[in-house]
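Read through the structures below before going on.
Paired with chain B in one complex and with chain C in the other, chain A is shared by the two complexes that follow.
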Partner chain A sequence: MWRYIVRRIFVQGIPVLLGFTFVLYFVITIAPGSPVTHLRGVPNIDEETIARRQAQLGLNDSFPVQYVKWLGRVLRGDLGLSFDSSRRPVSELILERMPATILLSASSIVLGWVIGIPVGILSARYQYSALDYVITFLAFVGISAPSFFFGLLLLYVFAARLNVLPAGGFFLAGEPRTLVGYVQYLLLPSITLGLGSIAGIARYMRSSLLEVMGQDFLRTARAKGLSENKVVYKHALRNALLPILTLMGFTIPSIFSGAVIVENIFAWPGLGSLAIQAVNERNYPVIMGINLMFAVLIFLGSLIADISYAVVDPRIRYE
Partner chain B sequence: MKKLLLPVVVFCLLFSAVAAAQGPVQGGTFRYALTTNPRGMFNPILNTEVYDGYINSVVYDGLIYIDENLEPQPKIAKSWEFSEDGLALTFYLHQGVKFHDGVELTAKDVAYTYKTILHPEYTGVRYGDFSMLVGAEDYHNGLADQVPGIKVVDDYTITFTTSEPFAPLLSQFTYGILPSHLLAHIPVGELELADFNRHPIGSGPFKFVEFLTDQHVLLEANEDYFFGRPNIDTLVFQRVAEDALPIYIRQGRVDYAEISPENYLEVSSIPGIDVYVYEALSYNYICFNMRQPRFADPVVRQAITYGFDRETYVEVLREGFGIVANAPIPMASWAFTSEGINEYPYDPELAAQMLAEAGWKPGADGVLEKEGMRLEFELLVPEGTRVNEQMALLFQQNMEEIGIKVNLVFMEFSAAVDRVDARQFDTFTMGWSLSVDPDPYGIWHSTSPWNDPGFYNERSDELLELGRRETDPAKRKEIYAEWQRLINHELPTMFLSYGVTIAAVSERVQGIDTEPGPLGPLVSLDKLAQIWLLQ
Partner chain C sequence: MAMFWRRFCRNRLAFAGLVILVLFVVSALLAPYLTTHDPNKANLRLRNQPPSSAHPFGTDDMGRDILARTLYGGRISLSVGLVSAGISLVIGTILGALAGYCGGAVDTVIMRLADVFYSFPFLILAITISAIFGPSIYNTMIILGVLSWPGPARLLRAEFLKFKTTDFVAAATALGARPGRIMFRHILPNAFSPLLVSATLEVAAAILSEAGLSFLGLGVPPPAPSWGNMLNRARPLHILAGMPWMWIPPGLAVFVVVLSINFVGDGLRDALDPRQEKKDY
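The block that comes next holds the complex of A and B.
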């Protein structure tokens, strides 16, 4: 097992991450526009000031030189300084926003499971009933609705019309940070972000459970006279849950990338607006830093999924 | 119900009349909505983002400030005078002005602030504002270690000298004064990394308390403020999602917000909210690349302007939030003139006739041609603003009617700027935000890097040089009036509209400018030190 993990990290993970950062750095440097473009709007700025800034930021180096310098710093644990006027360390910019993004992503993942699994079970147990059709219909709506649309819809209904939840944002300055407060601010963005995974998990749960229910050992269980509830919840469910675990590994990346959009709609103080701002301003170190961090998280996510798979199913061993 | 309502209204009116008659009251929290969060560069000589500038303008005070009529007014400098030859500008400082840490602000701090801007290792973007000071260039290039143009006379007197008169100079002394006792020991090249920038100490009406990234900036009243303690206790710049802004305003969670025209109707219907619409110091335009022979003849540029229905653009597409522009000095500026300015009213027949008289004839496909040139060109449109994209479509349609084919190229903003800088465009549309002083030299002089159309006109250059040197406002106004007529005739770019800003303010906020000029109801943010809140 340990050998497997070590191999996954060193033989697969690190080369993939290296290749990823190389391609990404290449792509952002060949993209039109430059990190000093926005300075053009400063009144009375002269060309020389822009040229000096360009030199200070190391933009006169060629792409390979810039990349190697960046990589060298990263290997020493330094993500560099942001290109915007505040010149703050990228690691600081990311770390101070991480908790909010993790809170939002985690709560939407939890929502996905807590709502998605029971709904999927209901749908499977009452296959082809009116309830099943309604759930199926809603699930497809949930999978297809773009998050920005759904987010605005929720804002309109719950904040603007019903006035029961805050319209995005986070605690006002001076507002006490209570648990209820957190839930209130978290509810709409995490539902928006979680909608896709709720719907997806419900659909997977349904088909997975149906597949298991048709198997011989369950017929045997019923033949032995077990109640239907026992058959479903004790015997079928545990087997049906297995594929859902794998799904978890795959939803983590989409949750994080979805967070970027949802955070912008709700002014959630996470990485989302930093990421979008950085792309618009061609803030290379910030773009690289955020993407590198996401890449590492996604890699760890799939690694954890693989490992937990082995834990749940004793037949699976990685050698 | 109706019967009940009347006394309530009367009561409210009475109540607010009483409250207003009471005069300023102390206390309360004022929340200013920001849709983009500051970055955390709370240093007035280093920030480049406007929102960081908001915080700087309340934490620090400058030598002067700009009032609602765009006139310079005394602040830390209680007065100033120009020498006879107009070259030396002397500021006389108030005595007893204190930084938030209790140390007195003197001419030494002023000299430190402005000398740092000129320093060879300075990393900010303000050098261009003061490069005309005597010796600034040598110091900036490391050839001298003193700036003769900045002279501390005594603790409360400082003189700035230029080698030739420079009219816009005075209005540039608005930057906040830095405490040299906290910063002078830091090498200028490393100043941008200093912790000070995240925990600023100035001499302004508000003290910095906390900055929570992407959430808010919190400030408290400076009890010992030289010009009198602000009436409000707490000032918050609260980040709000653009889409949620009307809801925040309705719920009373913010007291002040600049809103987009799309939200105007919704927000102005909210009880307890006043909405102000005022002209901004900005305009937008379609720029011709005059380096191309087909755009070299002013008749072509004039005909295109006659042929574009700019009234419809402003009245319908912008829903009236804008004013058709015909020259690059905004209406709100003292230098603006309408005398002798051609308004180029929409007249497609005249446009077609002008082009025909200039020798342009329809080719095989109906597009106008002349001596191998074709009036088929690209319009670069930065993406992201719906009204801009609609404008481009209207332009395309209008041009087709007079035999001109426009191909629209939509591009992300940075990419479009790249094309403009490389001069790889036929025409493009963008906008300019302007400083308080009307000096158009930086954009329009033939040597300016921002002269995107490639406009060169001897008389224009001459006027721009004269305008900068003339210190008599009346004469200067005359120079700029002539220049506006020249540009209005030449049309190196087609001016579309002057911008407007829309501000929503809670009625509980008292003491604002209710007939705002281009700086808005808070006169930039200067009024924050005087406003008060109905409790």
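The block that comes next holds the complex of A and C.
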């Protein structure tokens, strides 16, 4: 087991993460303008001062040297200072916004599982029934519905027309943090973000269960006289659930992508809104920091998914 | 071909999807004949008008005709979707073919690179790059195309691995065909079916991504209409709540087009792969 985890981290995870930092650093360095460009606008500045500043910032180093120095700082937790007037450390800004994003993403993943799995089971259990067709059709709708449109529709119906839920945002200053409050604020954003995974998991669950149902050991189970319910829920389901676990690792990046849009629709105070704000201000240190943070979150998320898969299915470990 | 077509039409949803898709494409092409309004002509005296006989979908906050903007927006949204899917398919096909055919170090490098792009939230990298180079129609096409090659690349790699060891490839090699010829003349046509299915899904994904980027203000910049940036303008609460005619048409257009493409993709998969006929998932 440990050998599997170590291999998963060092052979697979870390190289991908490093590769990503390289791509990111490359993209940022080819951005037009350099950190000393603005100095040229300063009156009475001579070329010598600019050259000294350039050397100070390490801009005369070759690209690989700059990259390694930057990576070293990142590893020590130094993500630089925000470009805006506050000049706050980027790491501080990010840590402040992270809990909201994790809360939103986690609740939509949970929604995806809690709704998607039972719906997929129903669909497979009553294959070719009217129910199955309705579910299959709705799953297509869920996969195709753009989150920005679906989110606006939910806001229109529940916040603007029916006026039963808040029109986005998260606890106002001084508002008591009750459980009901959490549910009210979370409900629309997490349904919007989770819709795609609910539909995806339902479809995947259906096909996974149908595939298992065709296998020999289930014919045996039926042959020895077990009731159909027992066959499905005791024997087939356990095996059909396994592939669903791998799906979790795959869905995490798309959940975070979706979070950027959903947070912006619902004014959710997370990393996604921070990202758009930073992008509009061309605040490069913050943009870099958010990219890195998402990369690390995804690395950890898919690691957890893979490890839990290896725990429940011993076959994986010996591949 | 005839059999393929019959099988495709048996899937009613796929057929309906194809019909709707054709309607959208035709209406985008014939936009100047379907509406007499100029999509970019502002008329401040006719701001925020609800649907009427002169403006069937109403007007926006600058007095522009929503129907005209939705029709012309279709041209932009559909072409961004097609071009960026095309870019990703070309890159993905070349890299996937190289990885599958050459194997070894080439394979490792390309596939690790694919992992890097695959395991990262696409949209966040897309907004970063768009912020650096500035949003424009062409940048949107390039960004979406360049970032989504790993999907087709993985698919093509698997196909090439499958065919690399077949007899007809050995025969071609024995006849002295160069690797490029074997890859693109002999193996690639065999991978046509999965590539076609993947292409439809890439187009759907690209249309969604363009709309998402434009919705965030980082895709197709105004005043050119795209379905995404029309939705972006509708975000202030008084428009969202009081003037739904401004955002429902473009939102519905993205949704219906993507849904239709997904149905078509599903139908193609069933129709092109006879082996799947007995399996029911």
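We take it that the second predicted complex is superposed on the first by the 269 of 319 C-alpha atoms of A that agree within 3 Å, B and C clash if a C-alpha of one lies under 4 Å from a C-alpha of the other, contacts with A are read in each partner's own complex, and residues count from 1 in each chain.
Assume a contact is a pair of C-beta atoms (placed from the backbone, for glycine too) under 8 Å apart; a residue touches a chain by one contact, two chains touch by 3 or more.
Note that this is a predicted model, so its numbers are computed, not measured.
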Partner chain(s) touched by A:L186 [first = chain B, second = chain C, both, neither]: neither
Chain B versus chain C as contact partner of A:F149, first or second or both or neither: second
Touching partner for A:A295 - first (chain B), second (chain C), both, neither: second
Contacts of A:R53 with chain B and chain C, given as first, second, both or neither: first
Partner chain in contact with A:V90 - chain B first, chain C second, else both or neither: neither
Partner chain(s) touched by A:R282 [first = chain B, second = chain C, both, neither]: both
Which superposed partner A:G174 touches (first chain B, second chain C, both, neither): first
Which of chain B and chain C A:I28 touches, first, second, both or neither: second
Partner chain in contact with A:L79 - chain B first, chain C second, else both or neither: neither
Touching both chain C and chain B, counted on chain A across the two superposed complexes: 31-32, 152, 155, 159-160, 167, 264-265, 280, 282
For the chain B and chain A complex, residues of the former touching the latter: 29, 31, 37, 39-41, 46-49, 52, 123-129, 131, 172, 192-193, 197, 210, 212-216, 218, 234, 236, 238-241, 243-244, 246-248, 250-251, 253, 412-415, 417-419, 421, 433-435, 442, 449-450
Contacting residues of chain A [partner chain C, same complex]: 12, 15-16, 19-20, 23-24, 27-28, 30-32, 127, 137, 140-141, 143-149, 152-153, 155-156, 159-161, 167, 206-207, 210-211, 253-254, 256-258, 260-261, 264-265, 275-276, 279-280, 282, 287, 290-291, 294-295, 298-299, 302
In the complex with chain A, residue positions of chain C that touch it: 13, 112-113, 115-125, 127-132, 204, 208, 211-212, 215-218, 228, 231, 234-235, 237, 240-241, 244, 247, 251-252, 254-255, 258-259, 262-263, 266, 279-281
In the complex, chain A residues that touch chain B: 31-34, 37-49, 53, 56, 81, 84-88, 93, 96-97, 100, 152, 155, 159-160, 163, 166-174, 264-270, 273-274, 280-282
